[in-house]
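Below is a structure I'd like to ask you about.
Residue numbering begins at 1 within each chain, and the chains themselves are lettered A, B, C, D, E and F in the order written.
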Amino acid sequence: MNVTVSRKAHFNAAHRLYRKDWTDEKNSLIFGKCSNPNYHGHNYELIVSVTGEIDKETGYVIDIQFLKDIIKEEVEDAFDHKNLNVEVPEFKDLNPTAEHIAVVIYNKIKPKLKPNLHLEITLYETPRNFVSYSGK
Amino acid sequence: MNVTVSRKAHFNAAHRLYRKDWTDEKNSLIFGKCSNPNYHGHNYELIVSVTGEIDKETGYVIDIQFLKDIIKEEVEDAFDHKNLNVEVPEFKDLNPTAEHIAVVIYNKIKPKLKPNLHLEITLYETPRNFVSYSGK
Amino acid sequence: MNVTVSRKAHFNAAHRLYRKDWTDEKNSLIFGKCSNPNYHGHNYELIVSVTGEIDKETGYVIDIQFLKDIIKEEVEDAFDHKNLNVEVPEFKDLNPTAEHIAVVIYNKIKPKLKPNLHLEITLYETPRNFVSYSGK
Amino acid sequence: MNVTVSRKAHFNAAHRLYRKDWTDEKNSLIFGKCSNPNYHGHNYELIVSVTGEIDKETGYVIDIQFLKDIIKEEVEDAFDHKNLNVEVPEFKDLNPTAEHIAVVIYNKIKPKLKPNLHLEITLYETPRNFVSYSGK
Amino acid sequence: MNVTVSRKAHFNAAHRLYRKDWTDEKNSLIFGKCSNPNYHGHNYELIVSVTGEIDKETGYVIDIQFLKDIIKEEVEDAFDHKNLNVEVPEFKDLNPTAEHIAVVIYNKIKPKLKPNLHLEITLYETPRNFVSYSGK
Amino acid sequence: MNVTVSRKAHFNAAHRLYRKDWTDEKNSLIFGKCSNPNYHGHNYELIVSVTGEIDKETGYVIDIQFLKDIIKEEVEDAFDHKNLNVEVPEFKDLNPTAEHIAVVIYNKIKPKLKPNLHLEITLYETPRNFVSYSGK
């Protein structure tokens, strides 16, 4: 029996959409106000979903406390109250679009899970815009 | 890397569940109060989800502003503050169940997207009832 | 000890903003698309809030089941899946703005409560627009 | 055309995570405060999602009123305001983790549906923790 | 300038509505299924609202981290994953209705605040039922 | 009959808690990670509530479209996708705490309303932290 277990988490961060190898004009043309050089920010809402077989001993797919701890270490401690462009190494040369942030979070959490567990990341950049990524 | 990008939108409309080729009695028998001849209405909440590869230039699957514009033109301008049965041509001979509305929205948005993008429509008729359709 | 007890409820209805004593042109000028003669509709979300002393016997301000029953009889049975303009007598000569609907609901529920209880009605017409009225 | 129709429902219940065949110490070690012998509880939010072809007569995948009735009989009447460990037979020898509750709900609802309909159960144990199961 | 600062928090607990000085029959008659002797439970959502003048130094009415710490110590540590009737001393002889829980929380938090700060407690027992109390 | 009409709106912004007249050490000591010199950010959710008599002609307290336009001009155009500390003149010498942002929004909107209308601003800095101000 395969069940998906999901945990919601949260972090606040500043960012701008920006490519170093483009001129400011091109950044502004393509990304509009999202490329404001002074940054803007979001309350990012995160859903981490792990799919796998129910463990016959515990009745768990994964201990939700263990999952909370991974999310805290890999995402909240790394991203919360940070400027993604300036302070988070993964975005030094990667434009912090919601798509890329979801991929980065996936790549940080996946190695912490048992290999047979499937992972999906859903990230709300605003209450109306969100993305999801599952490693495919 | 395939990511799904979702955008929420909203429209208010009146409708009734009704088939022209059925008697009023049969409409009332099958659809109950949802077939009230004087109409009732809903705040429809819409989620438009587009799946595809991340563009290497922009870091986007799709420019969310472009997606917003499509939703506005194809759905909000066409359905908002309207009577679906009376004023929306797609429902002239199609019973406006949530299922059918989702299919109609899919069919209106899909041709506006690049062919390699996968589309899913989720439509909340009420906060407790919702449907989704992805063209299959 | 005065406590406020609130109960959420829900009804779907069609309506249009319209005054019979105005021309169609004036209705359209003042109320815009909300005056569409073919109606539009909403999922109205209702919060009924009752304030009073905690009963020493029960520990209740009001039995929430009793409050649910009043809301069902006075609001849900009367308004749900209805056309407010056409089928609800209170709006025969009263423009069904959110403000007026809240006042009508207040006036229907207040007499069902013990006189020493204070009542407030909050009505969401959409997730972004809402009104409240407390009889003042 | 395959559409998924979802209905939200709700029940409140007490439970504890507990295996009869383990000592109290082991239960406490593995399940922590969730194994409190005096129980704790949740407002479980349930989403029942049914996927199938749109019926050409009605425009429905499934009559939502029929689905509501099944959920009421199989889940709400059986679980609401109950102690899952003590009063719900399915958990007599099954640890009531969110994963197991979702599987039990699936197994209760699936036989009530036409065999060609696909079923998925999503169960929120808290606003931040939820699971889903679709019989695979 | 008086501003109200609010913080949301959360705890899960089991309870039953019950008066020791009443017979089981009377408890059952008055409180219905809420008096189930085996308990049921809720995800209680709490809003703690503090009103006062903005401090000219900090621009805060109250440091939200300080408020979080008070809520954790006085409410979450005391109530979360507990059986309110059995394990929380304040309800030893007090029926744990939502009204009484809000009053108890008020009385626990108020002495921790500077005396000139006004306090209001809002407590959701379910997403549809909630109460508020401000010491009057 | 006095009714309160509320409209929700939204803006994203970067900010840091910071007083120019304090050393970096003192800013960091008092405001912690909220004073990060590289900024962080939020999706601010705004509720603008206007209380007044129902107009006998229109049945409105205020035309919600007019209120939307004021919010757009005074708040969204001024704050959305901006760095509050750097780009919004009101915060040049004012620490952009949630309390101060609410007061600034109040002071921008109040003069646009008829003087007999009462105004309250509620501002969510995160889904769990919010403030409200009504000019007192």
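Definition applied: a residue touches a chain if its C-beta (ideal position, glycine included) is under 8 Å from a C-beta of that chain, and two chains touch if they have at least 3 such contacts.
Here the structure is a predicted model, which is why all the values come from computation and not from measurement.
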Those chains that touch chain F and also touch chain D are A, E
Using direct touches as single steps, what is the fewest number of steps from chain A over to chain C? 2
Specify, for the interface formed by the sequence copies chain A and chain D, whether it is same or different in terms of residue numbers shared by both sides, with half as the dividing line. different
Among the chains, which one keeps its Cα centre farthest from the Cα centre of chain E? B
Chain whose Cα centroid lies at the greatest distance from that of chain C: A
The chain pair with the larger count of contacting C-beta pairs, comparing A-F against C-E, is A-F
For the interface formed by A-B, which of the candidate pairs B-C, A-D or A-F is equivalent, sharing more than half of the contact pairs by residue number? A-D
If you average the CA atoms of chain B and of chain F, how many Å lie between those two points? 34
Could you work out how far the Cα centre of chain B sits from that of chain D, in whole Å? 29
Multi-chain contact sites of chain F, meaning residues that touch two or more partners: 127
Applying that definition of touch, give me each pair of chains that meets it. A-B, A-D, A-F, B-C, B-D, C-E, C-F, D-E, E-F
Tell me, which parts of chain A touch chain D in their complex? 1-9, 54, 58-61, 64-65
Chain E touches which residues of chain F in the complex? 17, 30-32, 94-95, 97-100, 102-103, 127-133, 136
Give the list of chain C residues in touch with chain B in this complex. 10, 12-15, 33-34, 36, 38-43, 45, 80-83, 86-87, 126-127
